[in-house]
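In the two assemblies presented below, chain A is common to both, partnered first by chain B and then by chain C.
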Partner chain A sequence: MSGQGPAWAILLQKVFGLQGNYPNGLLAFVALFFIYLFLIVPGAWIISYVDRKLGADFQARVGPNRAGPSGFFQPLADFLKLMQKDSQEKITTSDLLWIIVFSSALYSSVAVIPLGSSFLMVDTDLSAFIPFLSALVLALGTMLLGFSRPTVPGWFGAIKVAGQAFSGAFPALISLLTAGIRSGGFRWSHLANSQGASPMDWAAFSNPFQFLALIVFMISGLVMMCLPPMEGVVLPINMNGGVTAHLYGRRWAIFRLGRFYASFLWSLVASVLFLGGWQLPEQVNDLLSDSLILKQSLESILLLSKTFIMMLIVIWVSRVNPRTRVDQVTDFAWKVLSPFALLALVGSAIWAGWGLLI
Partner chain B sequence: MGGMGALDMSGSLFSTTLSYLKDVFSSVRSILESCVTAIPYLFSAGENRKEVTEQYPDPISSRTADDLPSRSRGLLFNDIDRCTGCRECEKICPNKSIAIETQSGSDPAKIWVSLFDIDFSKCIFCGLCVEECIPGSLVHTKQYEGAVYVLDDLKASFGRGGVTPEMQARWAANRRTHENEEVGF
Partner chain C sequence: MSFSLFGERLKTDVTNWEVGPYHLSLPGPIRLSLKLDGEVIISGEVETGFLHRGLEKCFELHSWKSAIPYADRLDPEAAVFGELVYCLAVEEAANTLVPPRAQAIRIILSELTRISCHLANAVRIARAVGAETVLHYLLRDREKIIDLFELLTGARFSLNFLRIGGVRADVTEGFIERVLDVCDLIRVRLKEYNDLFTFNHAFLKRTINVGVLSPALIKKYGMTGPNARASGINADVRKDRPYSGYEILDFEVPLGRGEGGTLGDAHERFLIRLREVSQSIEILKQVTEGLPLGEYLTPTEDKAVPEGEAYVRVESSRGLLGCHLMSLGGTAPHRVQFRAPSGFHLQAVPELITGLKLEDLSVVLASLDLSISEADR
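Up next, the complex of A and B:
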């Protein structure tokens, strides 16, 4: 009889048809490896392809069309090319520092990401804050990347990144709290279970303040991690030697993968917080009650499609609008996002209180 | 509501909030508008919404240099037999990519273009030199692949080479016979 320990461990043992007791640590390692290999890497591939192709369409260009059918293998080709190139410069202590901080922001949160009702490796009372913190660490890594350059534009870039991350963190945190107010906790399972399968039961559409919080949450995540269209500060064209000017080859690949993961993580969290998470309709749940694997797969597919759509919307907006300068972004984050985040928080609190009182 | 126009509300809490909200609203609207404007491009709908990028002519796109538009500006070629050595191209070139040296030719009135070098590492393919060339000796070819391993290989030489003393002697002899013939008639 397999099946002891947490739900995700039982699920994993079922998927692989394992018998007997395997230590949870080993299972966790296998699970992380699979998430990374079968979710994040192909996700980065597909999203970067879709991003470039859609961007090309929006801008009346052709886009990638050489590697594979319609250029589908372009991301792979790029990756292989980047892997072959390495910087002539030696890896200094400060290079090492940003690479470690940047990648730990990535890989520390892989274990936390929610993928379905039983694929929740870390489901604690404060789960929803962990991606928020790893987003901050990612911004810290980007800042250290700027500081690793012995140039004035590099240092200025680093300070700008820090300023932008800070200005985005505040509204992001407030809108995260807003989601918590509605569900009454920050446990993944709690957040998802407080919503239903139909869009009318999603947090975002349950009251106007939650919808506002969703919008603020999405945008402030982009601000915090300097993602498009708020990425002016980390663009190579922003300067003569700024934060990313010297990056190429393998280091650029690390940087790009990090930024993909950041946007994936943020959209995933937004889907769980506001867009119904992995909730399947009741009837489907009843039907699948004895097939754990099938149920889990459907849940993951649902959640990932929501995530994908969120990412598509961000791509859409960022590809057709001009990029904003760092001072415009911070200005916007402090003067527009933050007040609206507070409004959403207060409004939601009153709404929740009203619900309890009446 | 109707009576409010008479009051000077600028600077009051209400009007500041209102103009702030108006700003937010108009920026949201402008962002949404650009999103909507871009939709037809997604389906290549309408007249001007076709992709405009030329496919790179190579075996994958199964296009050849002949498929390039007739006025495409490839590497330059100078038909030195027609070149008069007027140096107009050298003068107009914004980057000084053309170097010309001339000597007097078989006839002191004729110009012998001994050196005509185009440095493609400097050339921006603006086509000004071709426009300027009255005899039409300087033309753009449809050759578009100029990558080389050594920088010096980017220099194309069309000059005839220096005039040697033997050539001068031969031309002088020719001239003399010619003049004698004219005198003889």
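Up next, the complex of A and C:
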């Protein structure tokens, strides 16, 4: 039944050349598998490789250079190695709890991520809030990881992770609302269509308050999910870094993949909210109006490029800067990020209202 | 549990936590028994001795000359100072004269070691605050100095180069030029470190007003070296009791001024070490330019040192390093004792860390530049 159903289902049927009537549930399953296998895993691979190579360049080192050409297969080699190692300790209920919460919170949001005008599996009025909730649950998973350790530093780390997550959540939420004020809704399609292809038509550059909101959104996301450079709380060098100090092998791989996905998700959402999303120039859109697959591919490539650039900027900053103490991070989130987020919200509201009045 | 936004603190319980003897954020094998109220340390005890090797006893079992490699092991990172203080003590007990050229070579080695140790300390501080980039720059430049050691002595760490009455060999060809090159390089790099790290906002927030050593505390625990000078105490053996020809050199002893935050905080200790690096470069330039000609070793056979005692002190990279030596007139020392600065610094740790936030502990310990090897010996 090509030509009916939601856009992503039609697209998928076209991509695979499917004829006939397939239930949307089955297609959604294939789509999730597709996204995970051909987007998340290679993305983690490439970003991890680029991170290590760039980091090596910053630090006057060579970086990975053995596995494959210029060490390109190093992330794969590491992954395979980690998969072969596992803790001698039996998996306890509390271990299981964090693993389930940590991974399910993140991977369930794969269905929500926007990848282009035709690839929006969940495009509801609350779409933009779902990654935000996933981020909070990720923090919960990290906290449970700390509590799964029968040690003082484990518990300390867990409480601090929770404290940091809450402090980051408030400004993140407010800046998310700021983006919604401009677009007039929280549907992915709304958010993206309110922006244009040219940077001057991106939300971030449409007015100073939106730009402020972008900055706050990015930083507060890092704070909320304890990602670099705000990950002082989970660093093993820290006296209370008991959250991750014991992790290795498969559990470490789960933790690392989760953290990659978290930063990927957040950068992707930031790109859609503030950086024009997947919007191609009008001329290109007209040219490609007949070819759905090509248009969708170009949109995805554009969106992913923006996402990766955002991630690289964060990597750059985190590679060269020291880590601040967790109370300094939460202080910063409450006393600096939050007021700026509120300023952006009020400013954007006035700006939008002014526009309507005139 | 009570919590109020205005003034009151979150009520927390007291927890005990034992860190070590092996932990990433400790300077070496020590055990800290901490009592924590929330994340604030309310008391802490330090247990040492995990690296005790009976080093002082080893000296008694070897001849005067063959004990020198043991002095290397006093503090392997700053091997030259152990050798120097031991050789100076034997020379004083035996009334041996050291040729001026050998003295100059000793100063070159001492100051190179000082630079290398201070850079290594900056690496530890960088690691404690999670700054991974500057750490590699520091290690890369420290490597240049270790290369110089290799060029001169053939060894990179345990040099075994000093001899009673001088040094083992004359400077190798091209060594002086390489020293000057490294001096020029490090001078440029110091600016780089400052740009990248010293005045970085996040770094300042982690180190300013943290782990403050008051002058009273310094005196109470007999702390010396850069840790004392960062608290404004003007004490440097190179100036107060010059040895090996430091008296003819023109250099300054940097003192803490409390410019960033409080006098004697972790940032001050870090800054003082960087400033000492630039003074060491000055010293190296002067010594290499005026390197005296002549012998590098007064020939002494491995003979008995007359009965008596000697006590000498040198300024090691960590502070006042003393060596007390007793001879009964035999071919081996009767007793050798060291006064290692880190032992004194360690004693101040319990008082210093009281009231500290747990996360600052690793930064404060790194800023003290402790060598557990020399403290335990």
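Note that the second predicted complex is superposed on the first by the 355 of 358 C-alpha atoms of A that agree within 3 Å, B and C clash if a C-alpha of one lies under 4 Å from a C-alpha of the other, contacts with A are read in each partner's own complex, and residues count from 1 in each chain.
We adopt the following convention: a contact is a pair of C-beta atoms (placed from the backbone, for glycine too) under 8 Å apart; a residue touches a chain by one contact, two chains touch by 3 or more.
These numbers come from a predicted model, not from an experiment.
Once both complexes are superposed on chain A, the partners chain B and chain C clash. Shared-chain residue A:Asp327: touches chain C; no touch with chain B. When the two structures are aligned on the shared chain, A:Gly249 is found in touch with neither chain B nor chain C. More residues of chain A are in touch with C than with the other of chain B and chain C. In the superposition on chain A, contact is made by A:Arg61 with both chain B and chain C. Of the two partner chains placed around the shared chain by superposition, neither chain B nor chain C is touched by A:Gly185. By the touch criterion stated above, A:Val336 is placed in contact with chain B alone, chain C being left untouched. By the touch criterion defined above, A:Arg319 reaches both chain B and chain C. By the touch criterion defined above, A:Pro6 lies against neither chain B nor chain C after alignment on the C-alpha atoms of chain A. Contacts of chain A with chain B, set against its contacts with chain C after fitting on chain A, overlap at residues 58-61, 319-321.
Residue ranges of chain C in contact with chain A, taken from their complex: 15-17, 19, 24-25, 36, 39, 126-137, 140, 196-197, 200, 202-203, 205-206, 357-362.
Residues 54, 56-62, 66, 316-317, 319-321, 336 of chain A are the ones that touch chain B when the two sit in their complex. On the side of chain A, the complex with chain C involves touching residues 55, 58-61, 152-153, 156, 160, 229, 232, 235-240, 245, 319-328. Within the complex formed with chain A, the residues of chain B that make contact are 24, 31, 34-35, 37-38, 41-42, 44, 49-53, 55, 60.
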